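Below are the structure tokens for one structure; questions will follow.
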Amino acid sequence: MKRIGVVTSGGDAPGMNAAIRAVARIAYSKNFQVLGFERGWKGLLMNIFKPLTPRSVGGILQLGGTILRTSRCPQFRKREGIRKAAENLALNNVDGLVVIGGNGSFEGALELSKETGILIVGVPATIDNDVFGTDETIGFDTAVNTAVTEIDKIRDTAISHERIFVVEVMGRTRGFLALTVGLTVGAEVILVPEVKCKTESILEIIKENSAKGKRSGIIVAAEGIGDTRKLAKEIEEDTGAEVRLSILGYAQRGGNPTARSRLLASLFANKAIELLSEKKGNRIVGLQKGRITSVELEKSCNTEKPLDLNLLWLANILAT
Amino acid sequence: MKRIGVVTSGGDAPGMNAAIRAVARIAYSKNFQVLGFERGWKGLLMNIFKPLTPRSVGGILQLGGTILRTSRCPQFRKREGIRKAAENLALNNVDGLVVIGGNGSFEGALELSKETGILIVGVPATIDNDVFGTDETIGFDTAVNTAVTEIDKIRDTAISHERIFVVEVMGRTRGFLALTVGLTVGAEVILVPEVKCKTESILEIIKENSAKGKRSGIIVAAEGIGDTRKLAKEIEEDTGAEVRLSILGYAQRGGNPTARSRLLASLFANKAIELLSEKKGNRIVGLQKGRITSVELEKSCNTEKPLDLNLLWLANILAT
Amino acid sequence: MKRIGVVTSGGDAPGMNAAIRAVARIAYSKNFQVLGFERGWKGLLMNIFKPLTPRSVGGILQLGGTILRTSRCPQFRKREGIRKAAENLALNNVDGLVVIGGNGSFEGALELSKETGILIVGVPATIDNDVFGTDETIGFDTAVNTAVTEIDKIRDTAISHERIFVVEVMGRTRGFLALTVGLTVGAEVILVPEVKCKTESILEIIKENSAKGKRSGIIVAAEGIGDTRKLAKEIEEDTGAEVRLSILGYAQRGGNPTARSRLLASLFANKAIELLSEKKGNRIVGLQKGRITSVELEKSCNTEKPLDLNLLWLANILAT
Amino acid sequence: MKRIGVVTSGGDAPGMNAAIRAVARIAYSKNFQVLGFERGWKGLLMNIFKPLTPRSVGGILQLGGTILRTSRCPQFRKREGIRKAAENLALNNVDGLVVIGGNGSFEGALELSKETGILIVGVPATIDNDVFGTDETIGFDTAVNTAVTEIDKIRDTAISHERIFVVEVMGRTRGFLALTVGLTVGAEVILVPEVKCKTESILEIIKENSAKGKRSGIIVAAEGIGDTRKLAKEIEEDTGAEVRLSILGYAQRGGNPTARSRLLASLFANKAIELLSEKKGNRIVGLQKGRITSVELEKSCNTEKPLDLNLLWLANILAT
């Protein structure tokens, strides 16, 4: 192993820069050269990169976003795209590639690995926390805290106006973000795509709460559950309460990473370089049972990560 | 003057609690009793209040929302509503009333003042900053900083993905919030209801920026300008850039007040009690030319506060 | 099991209120009554408590500190103190006791358990993270993030003035807080009591960094390493660099808990009530290998929790 | 006017970068070239500078510190230093100089202005807010909010432990920061160098509060009042209360500037360039009576800015 590439792909997540920094510095300590490919897969396709040195990654640890930039790149997923990327990696004598991203990025990485002999290691970084093979992804803790801080503020208005707020959080098709956020803000109701919840059940909870003297409430809904606007309207019409919808936006994807997202980024990067220096590839690194470990890339791509429904049950008790 | 009432009305704003605390404690120092009417005008209509003492307002200085709660109350604005409120004030021997709120609350206060002999002083508290007679309202600085913090985060994603973001901020029909936020986040374009801006002009700026090498951008739009979703779509279709819409929600109305919102709350409350102790009423207090002052309630209600368009001009130069 | 007590003892930690809320609500769901003893062991000694109901613990989830208050109570540790506390618990028909605190509190709990038949479960909550039997304590993540946020700010001044900053963080006699904070702020040097580090080694690192062009630096030092003022002076005198000392204070112990501290509080409380309802006592709950578990109280008290020195090694590479 | 210089000098303050950006971009809009001298006066002495263009100041608006760096430079204040700086300015055809800093920087600027014919305009930026000629300096609002946020956290511990905290804030020899911070955190006692306060009076207030049931308290003390460690000890010994000292450190000088600090930076820079383009120099810009204005540099240097003692009086009433 002499030279490795690193790329950030798909949606950005807070801590990606911490991961880039850690990859560059740990690789340097093992005498690897590091090339940073820019704009996600596009950089591999178009052979756009910059060398990353310990000094060039200074001062980025605490920054949101990614200094390598990222993009969606549909051409990459076509046969010619993959082949072109493989050619460019060979052209630059890149022996190993670290892919920092989420499921979509790892699927691309899997296809690329089939086309080229170079070793590929995935570093899971996405606010959605939906990657099989790791209990937590880089950026998840930051996004959770960003959402929690915002909902704590919305709670002020909810109480003052005695209103119900439906708060939509991100998470794509999954409920990891909504569940942790909902539990930690003390949401009266948490709606995730993994568990169908009839509108009647929601209405019933609101009425029970009202009977107990709880005149305001927070419903945290994953974006994956469908039309939250319609839901808010239905609740308002049925209960007669004032109901407002608040869609937490892209701020969930940015901001300075929390300590935990920075720590995971450092630990994951360390493991990724360790794997590459042992000539192991086609794996993603992860946190499992409190330890840094790795699983096969293909297994990660083909397995759905389960949502811990015990947390949902606990959240319901806590919101009594 | 023996006994005064205090009420928070209309939309909540961070710093209302700081104002309630200051009213209660300053009034106490002048040997006034203070009654806190609950849920806005509804509390006056229904005669629901609690005594406020220096101790009972302890620990609320830094809290968002309002411990007196607030509501919209359409019945109040009818003749019988006003009359009922006046009766309740008389019944409780209330000689003076401090109304903490925005334009809508002050219009209600004006009508009430015509029906009753008691002295009314308005304390401007709204994140919209649209009250004539004061350069700044309680809560405005907090809302600005909340929006700025969120947009700083969105900027991370904008740069990483080389996207344009349209960010909608609150402000009802006016552009005060959008203008200050836009200038202080360095928005490439600021859209306020006070200045019509053709979509073509926006497209032109984006294209100029792109030519200069600025591949991402933030457009801050006041909610009062109309359909931001349509705008985002038009920009995407015309420029071919990736465009995303983010609507900053109710978090702008909550949260711990900034030091400045707390300071204004204290100074305004002090002036309000000073006016009442001098038997002056039917005024709102405010900050003008750097000093705490007051204007007639009626004048405040009937005059539109001008937006400083020089700031918009400056913002455009700064976003070069 | 009919009635349980809960007490917060020792230094406060963010998330204690989240734990109190969770204990009260989960206990309620199992038909237990809950008494909250006030001011730590003092409340048990003096029989001062208040009933905790699902409603009375509403609105505290996000608050720092502890609504039950806490104190140091030297009398408790004497024989008569323990006996008096045991009497009061019996007097109130308390069958189980949840002790929320750190090592000192658990030592008290151990002594109490020897004097009384009631079941005691410890819930580890301390910013020091020095409790054997759990990988993480309630409040640790919050304190880490508070320190990181402050040091990110100090870094601004360090770079602008090209200065070295020695930043002292809390942690009593241990280095858990300093190590995680140091790694996640990218400190050039991390000093913990567990690893002796000669001043010469520190000076050497600073000189190497200076040779590489790093003109500023952050040294994160645990309070347990000794006199940081002297250290700062020595570095200044030897290297000729401008060196400043900043002692991060009690803000590390307060503030709204992070999502993770709230989550741990909820999970730990849940486990504690589960143990009590199974008539198991004299244990502390904890997070081990990613799972919520428990260990014997006595073992926790008598075993020193090891510091992960691999993290220190990694931090040094990352600060290259 | 063809070419202007800009320098940041003395202690750094949040918003200096916002001011540099605004100076560069507004100057550009008037066809001026801008040179940024590095490391404060040292850069003028040693002729180290970089050209600032609209693009090169992109992305710095929200950053703490100063990209031009700053330093203390005792040589500058000697005759030869001033002369050398004047020569370098002439050598580079610099017609005007914008000095961003506080009183110390302005005294240097005054001496320089006597040695050279070029026009000098001061832009007040210091967290101490002690510059005559402006009601507020760039960075003051940020530092106030940083301190307030920290003290809000310390309050959690104060209440939980029923302790008195003496919190020392910055401000050099003056009490502007301590006064605004103390009022907005609701400090029970505020100590500023401008008002001598006997220890007996402080003890009396604490005992009165204790009699009223206030068992915890915050004493905000400016660093300029002298030995706060001794004060804390005296209070503890006399009252028997638990007293802790917390010295808020350099975090007060860093961090992302608040919206207000950014706004002031933009408005001040705009006025500075306006003055230079009108060939007016030897003035500092400022905020007075709510308007952006300017005063003579010499007058600013030779006049002490008064502290508003009415605020102290109000704070005492509010802390009842």
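The letters A, B, C and D name the chains in turn, as written, and every chain counts its residues from 1.
One rule holds in what follows: a residue touches a chain if its C-beta (ideal position, glycine included) is under 8 Å from a C-beta of that chain, and two chains touch if they have at least 3 such contacts.
Since this is a predicted model, take the numbers as computed values, not measurements.
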Neighbouring chains shared between subunit B and subunit D, ordered by label: none
Contact-graph distance - origin subunit B, target subunit C: 2
Inter-chain centre distance, subunit C versus subunit D - centres from mean C-alpha coordinates, in Å: 35
Between subunit A and subunit C, centroid-to-centroid distance (C-alpha), Å: 28
Whole-Å gap between the CA centroids of subunit A and subunit D: 40
For subunit C, residues that touch 2 or more chains besides their own: 152, 155, 159
Interchain pairs in contact, sorted by label: A-B, A-C, B-D, C-D
Residues on subunit C engaged by subunit D in the complex (per definition of touch): 8, 11-12, 14, 16, 39, 63-66, 69-71, 146, 150-157, 159-162, 165, 244, 246-251, 253-255
Complex contacts: residues of subunit A adjacent to subunit C: 21-22, 25-26, 28-29, 54-55, 58-59, 61-62, 135, 141, 144-145, 148-149, 152, 155, 159, 180-181, 183-186, 212-214, 256, 258-260, 262-263, 266-267, 270, 287-291, 314, 317-318, 320
